[in-house]
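So that you can tell them apart, the chains are marked A, B, C, D and E in the order they are listed, and the count of residues begins at 1 in each.
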Amino acid sequence: MTFDILIVLMFLGAVTAYLVSKADLKAGAYATVLFSLGALVLLLLGRGEIGSEFTILFMGFEVTTIGWYFSGVMVLVYAMTAFFNSYWMDKMIYPGSYNFLYLFSLGGTVGLFFAKDLITLFIFWEIVVWSSTFIVPMGKSRRAAVVYYTISTIGSMATLYGIMLLHRISGTLDIQGAFAPLKNDPVLATVIFFIFIMAGLTKIGIFPFHIWLPLAHGSAPHTFSPVLSGGLVKMGAFIAYMSVGILPAYEAFKGSLTVMGIPIQIYALMILGAVSIVLGTLMAIKQDDAKKLIAYSSVANGGYILIGILLMDQLAFAGSMMHLFNHAIASAAAFLAIAVVAHRTGTTKISELGGMIHRMPLTYLTYLIAIISLAGIPPMGGFVSKWLIIQGLADQGLMFMALAAFFGSIGSFLYVFRPLAAVFLGQLAPRHEELASAPLLMKIPMTILMVLILFFGVLPGWILGIIGQIQVAAGIEPVMMSGNSILAVNGVLNTLNVFMVFGFGFLIALVIFMLMQKSRRVGLMDTYTSAEFIYTPELYHYGSAFYAPFERLYARHPSVEDFLMALAYKGHEAGLMVNALFFSHKPGVTVFWITVIVAVVTLGGVGL
Amino acid sequence: MTTNSKDMRKTWEKIADYFRAHSIWMKWYCTGCGAIEMPPTMTSRFDMEQLGMGPMATPRQADVLLITGYLSAKTLRRVIYSYEQMQDPKYVVGFGSCTLNGGIYFDSYATMTRLDHYLPVDLYIAGCMPRPEAIMNAFDTLIKMIEKGEAKGWRHYQENHDWYRKNQLHSLKEVYVKDEFHE
Amino acid sequence: MINPVLLIAIPLLLAFVSILYKGYRNNLLVFGALVNAGLVLTLGKGEYLIGGFKPPFGINLVLDDYAFLGLLVINGLFLLITLMSLDKIGENATVLLVALAGLNGLLLTGDLFNLFVFLEITAITAYILSASSRQYQHSFNYLVLGTLGSGLYLFGLILLYAVFGSLNMADLSLKMATADTSQLVIPSLLIFIGLGVEVKILPFNGWVRGVYGNSDSLVGPLFSAVYAGAMLLVFGRIFAQVIPLGAYLKTLLLLLGALTLIAGELAALSKTRIREILLYSSIGQSGLIVTLFLSGLVFPAVMQLFNNILSKAVLFTVAGQMADTTGTDDAEALQGAFARHKLAGVAFTIAGLSLIGMPLFYGFVSKINLLFGVFSLDNYWLPGVILLGTVIEGTYLIRLLVKLWMPGEEGLVSHESHATKAPLEIQRARVMGIVVLSAVLLVGGLMPGMIQNNLSESGRLLDETTPVYLFDLKGGQ
Amino acid sequence: MNSMNKLVEELKGRFTLLEVLLPDQQQLIVDIDQMHLHALLSHLKATGFRQLSLLTAVDWIEENTFQLVYIVFNWDTGIHVLVRTKLPRDKAVFRTITGIYPGAQYYERDVHEFFGVAFEGNVMSFKPLFLELWDELPPMRKDFDPEAYSREKFPERPYVPQFVPKVEVVE
Amino acid sequence: MNLMNFVYAFLLLLAAFVFQTTLTGINRKVVARLQRRRGPRFYQQFIDIFKALSKGSTTHGWVFDFGVVMALGGIMATAIFIPFGPLKAVPAMDNIFIIAYVLAVGMLGMAMSASGSGNPWASIGVSRALTNMLAYDIPFMMVVFGLIFAFDTSSLSGLAAIQREGGFLGWHVIRFPLGGIVAMISLQGMLGKKPFDSFIAPAEIASGPMVEYGGRHLGMLFLLHEFSTFIEVSLIVHLFFGGGATVAAFLVKYALIYTFLNIVSNVLPRFKIDQAVTFFYKVPLALAVVQTFLIIVVGMGVA
């Protein structure tokens, strides 16, 4: 019962937020906070009603565990980011409609995960697409919104074609029922598999369709990028799950050629996932804008999630499901930290910032814990999910996927560290001397996210329990947990032990540190400069071209972006050609074409 | 160098001094012609590493500052800046007659004539430039001094810092200068 | 029962009266439109004879669900558009009245030759109205092509009459069903070309760019919504009910329609002037509707038609108004125009999104319906083309909407100060008009069942066998 | 040797040279009045003396003059020409030659710092080059006594005999 | 994880520290003898560490201190996971991936505090260290991945036990020679030994990340270096040289490998960082991929 209230509440919330912000903008922003928190509470309360069905207007819904999990992640990200809206009210051109669209897209995402039939799924999918399309341009670039919309609509139209084809074959639109008959028809299953997953690929930002991610996340309003990268990317994962979990991919492709034990169709997509990991990492290392950097890291992590979901086995699937959650809160926390920096200094360019830790220590801590989880370093959550994915890969012996996974995880140390060193540490420029730290309302979500990342890093039991239920529902054996250690085929991970041992080590180091004399506090400029006297902190901060020697190695890399832009321009030229051929202002041209048509029909029509 | 007979150091200090004596890292600031004497003392014939000594890249990590030659005003400013960047129990060893009394440049308008006027020098090595044997002997003496706790130049610098500072300003007008190349 | 011929007679009568009393022209026009709109609601279905002659010889008016639906929308739109742009009418009131008569005639007539007469009447009023934009070269171009088209239509008509001896649609459809299709190739092709010109099928729509491109806020919506709607409905009646097409000719015409769709969308992609984008979009949409009629999916075609003309009415009104007041309709120059006209902007956005087929709007319901229909015919390439068309259409419309809403160069956060300084103002009446239209679209999208139910008996359009997807959306039918 | 003679003849023809010396095979010393110096230097540059090897000054305190010495070198013929001119010592002002030899900028700065000769037209020449915070007389002038400066600025170590270690003589 | 484990852990740390530091001292003597000079006393390394710890030091803020403590804590935690020959301080926690990633905690801690010192040389050093890690870690992980797939266990002691069954011939360095070579080269990179130590180049960037550490911080970093050497070398010993049936056997193998590597590193010049990356992505990566391919697809050497 609570879930239809939830969805309706969201859309009503959107309208009320709009009306309230008519009166006072700040109040409107706080309304978004209230409604998203309300949604979170409703979701947690409705935990027991998994399996119930309900309908709104003309759309049918069904609450499944995976739907509940996905919408839980989504609403959490929305709720945490909503706290930041009130600070951007004066910086946006249409703040009232921003609040409206914010809650509107939240309603869309939640509805999507509970859809019972494919048309409802598609309706809510499109709602999210067009509502987020109108938020992105409120940021720095209009082109980003158009590219974002084009690629999303390519994906969703392909999926719509898939839905219609499914309906034509199986006669029903119900999600569970529609995919059933594909089991014994591999050729058709392959076609539908590739068409239906398109929307997922475009939303996760897998290799050929990733170009919108840096554009949209990089230039969206600072308070919407966390939602874009933390939340909306997960919708794609839901579609990817549907096209592998609900569509019986593994049974349908039993007959087809297998590579390393994986059907060729699924392996092809896994290669795309691997390529997007490598590409995302390499491009992220290069970026100078912190937000673009984290956007590319979302591409890389999207690759992890896709590979995990496609494997549909005990470990990698559980790993990707948990990585979904970890990446959502970690990249949301990272984006929020960057948003605080942008709120205070007005820029997110890494080379223009430095020494932020001295002005906003809590933001620094949030960013530190977020990137530890993003990079998959214990004791944070990211480590558990990456460990599971790698164990899954090792179990099946997929070496090339493993190569990309290793490159991605080690590479992530590089690109997560770049903003840490160049934005938060290093020299503080005089112009940033008197910056205030993060306002109170921003501190709340950051602390909550920090606690969550740390908690689920040390005690992932609760999350893995839910994921186990999802796996049982999807028909694969769930990931085993005994006490607090996760049992994988070839290894055991006890996150509590890891944390305790890490604490023990930290304790010994602290004792060693405390034993010695107190050390003398020295200013940041008093460092070894081979005895030269330097007085300008800005020049003395190493922020730009952080990995120059490494970037030089792949400076001239082929970019799919130019290829797709060229393709778009070809469309533009085709339009001009059509214009020239048929729409000249001389009637003679039209007469000429009439004679051609008549000739074609009469001569050709003889045989009719 | 006054040697006080009774030993006021605590036992812990004694142990620490034993370690400090047998592992001295040097910041060899090649200020003058003496620097060329350092390689022979490090390489196979004399090998100062057997005394536990080795070169270190930055003053932060170093214990002993070797002034290996004449000091012009500009160089002295940098030497003082480096000296202050070194960590406590630090020692200074002056090589050659230029650090003692200005050597052959005693009458130059730019060269210092008495190093310990500006920095607390624990040990001077006479010679224009001392050969590796003399340097090894000096290091041996330095080790014995540290062991006995006599190398307290750094404490002397801390206690009458203003005296040293007055002398430095008298000769150099300013220690921390701004030069056009770093604006 | 009131005879529907009044729908044609009253406007003609008022037209002549308005010539006599020049002062009251506009009031007469409004009165005529009001009467027509009111009259349509009271009509009963059935067949009406004119002058007492039996059908095969005399002319009869057929008022079935299809015609009723058409009349309702066309008259409603005509009334709304005239009310919106009263200040732009000038001395065209009489012409508009005649046009109203012609349009109603087109939808009602059951006789092909009578259809030709009304076609000529409407075409003439169109030529006169297109001249109001002072671009006489385009009007001349439109005149030449229009007459050529109706000439070919007449020629096709003559061939039919020579072969079957009758011009009554119902009678002809019975005879044609049994006739040898090879005989029908030439006449059906000629009729297709004749109507193709008016219905803006690709090779025959050379005139569209000039006429639509320079229309003001009265002529624009009138042409793109009312005229286009009527012509498409006539096309639908002939090619879905009357003329059975041979397999070869049908695929060729389908290809032509699909080509129109893709060409229209691509051309729109390459344009920056708002009205040019919209005119190519309407070409693309009419290509889509023609293919649906040709493949026999009448009900989805009609739904898509209404979606198209309702949104085009809104879009062209706003575009025309922009061009009239600011002198330019280039999207770049008008960036951020909606910053100060939020209500008009919202209506424009709703119309645009409905045109693309976004959920919560009527366009979505019609898109899903037509896709179901096309898939039911086991035709797998056409939906591909349609969806590709939707993608392209979505791109350029979103690009236009984003440009008009959020001003500012790349790399700068968009702000009101970057908005265009052009003196754009949209009158109260127009804003009310487009808000009503967009409300219809929004309601149609939210409650598709409601529209379906009261039109349900019209769902059995033209009593032909193709299953109509009433698509009550309750989890699929 | 003939190229040297040709050069000397040519220079004599063009300019009124105060003195011409041939101290070595490939070297030529030319004295000229300060007014014609620039003309001579630009002529030499045009005829292949591309490099200005040195610009320095000599302090003739008795004659109360500064003598500026320009050494230019011709890479093709390998000939050094040493152009000298005299300046009054008390108001030592001269025009810069950076127009002819851009490289002279730092030489002029050096000469200004150590001798006090001002070079108009080369704004850089008034900035300090080597000596930091120097506010005494330019040190290279003969009327500056470095030893006195050193004794005043840098305190001496008093010479105390006991500093000499007693050496026991061992039979 | 009861109290006894913590006591074992502390003893393991102590043993590792003492053993590794003496070994370093001996190696400094070996290197000296290579250069035909006497070289320091074998316990010189102890003296150096305790001297550094006894000195005072300067700090640049709380992140500078916190980073060093976190780094040393992380590295000590990793060392606790490593089985000391047959003895394991913490049961069932010697999973290779856990060790690889907990090692990263130490690296991140040091990198964070180095950048926190404000000295650009430290940041340059750190960026080189991370690039270096990206270079040497990928081939190593590939080979390890092959081993895990082959023997279905990713625990060090498990793999060591499997090798010991076949006696000397059972060692992975014999059964998977290519993997052994790659591991040795990657170990060279891990330890930051001569060819791949561009990130602590004394002359070029004033010893990179270590530029601002003096006295106590420097002492802790020396400890960190000792422990990380212990971790990395014992990782290779367990994976490729059959671990240790007894502690003595383990320590002997460990000493031999470490000294061999030290000798090799002393005759090699120093790579520029992009040369190191291109080197690692040419030969070792190719070898690793071939080796893994052989293991997984062909199954050679696994039987």
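The rule is simple: a contact is a pair of C-beta atoms (placed from the backbone, for glycine too) under 8 Å apart; a residue touches a chain by one contact, two chains touch by 3 or more.
Just so it is clear, the structure is predicted and the values come from calculations on it, not from any experiment.
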Set of chains whose contacts include both chain C and chain A: none
Label of the chain whose CA centroid is most distant from the centroid of chain A: D
Contact-richer chain pair [B-D vs A-B]: B-D
Gap in Å, rounded to a whole number, between the CA centres of chain E and chain A: 35
Between chain C and chain B, distance of the C-alpha-averaged centres to the nearest whole Å: 96
Per-residue overlap in chain A, given as positions that touch at least 2 other chains: 526, 528
Set of chain D residues in contact with two or more other chains: none
Numbers and ranges of chain C residues touching at least 2 other chains: none
Chain pairs in mutual contact under the definition given at the outset: A-B, A-C, A-E, B-D, B-E
Chain E contact footprint on chain A (complex, rising order): 260, 355, 357-358, 364, 368, 372, 375-378, 383, 386-387, 390-391, 393-395, 397, 399, 402-403, 406-407, 409-411, 413-414, 417, 420-422, 425-427, 485, 489-494, 496-498, 500-510, 512-513, 516-517, 519-530, 540-542, 546-547, 549-550, 552-553
Of chain D, residues touching chain B in the complex: 127, 130-133, 136, 139, 144, 146-147, 149-150, 153-157
Of chain E, residues touching chain B in the complex: 28, 32, 35-41, 44, 47-48, 50-51, 54-58, 202-203, 206-207, 210-215, 218
Residues of chain B that touch chain D when the two form their complex: 73-74, 77, 100-102, 106-114, 117, 167, 170-174, 177, 179-180
Chain A contact footprint on chain B (complex, rising order): 29, 58-60, 78-79, 81-82, 85, 176-179, 182-183
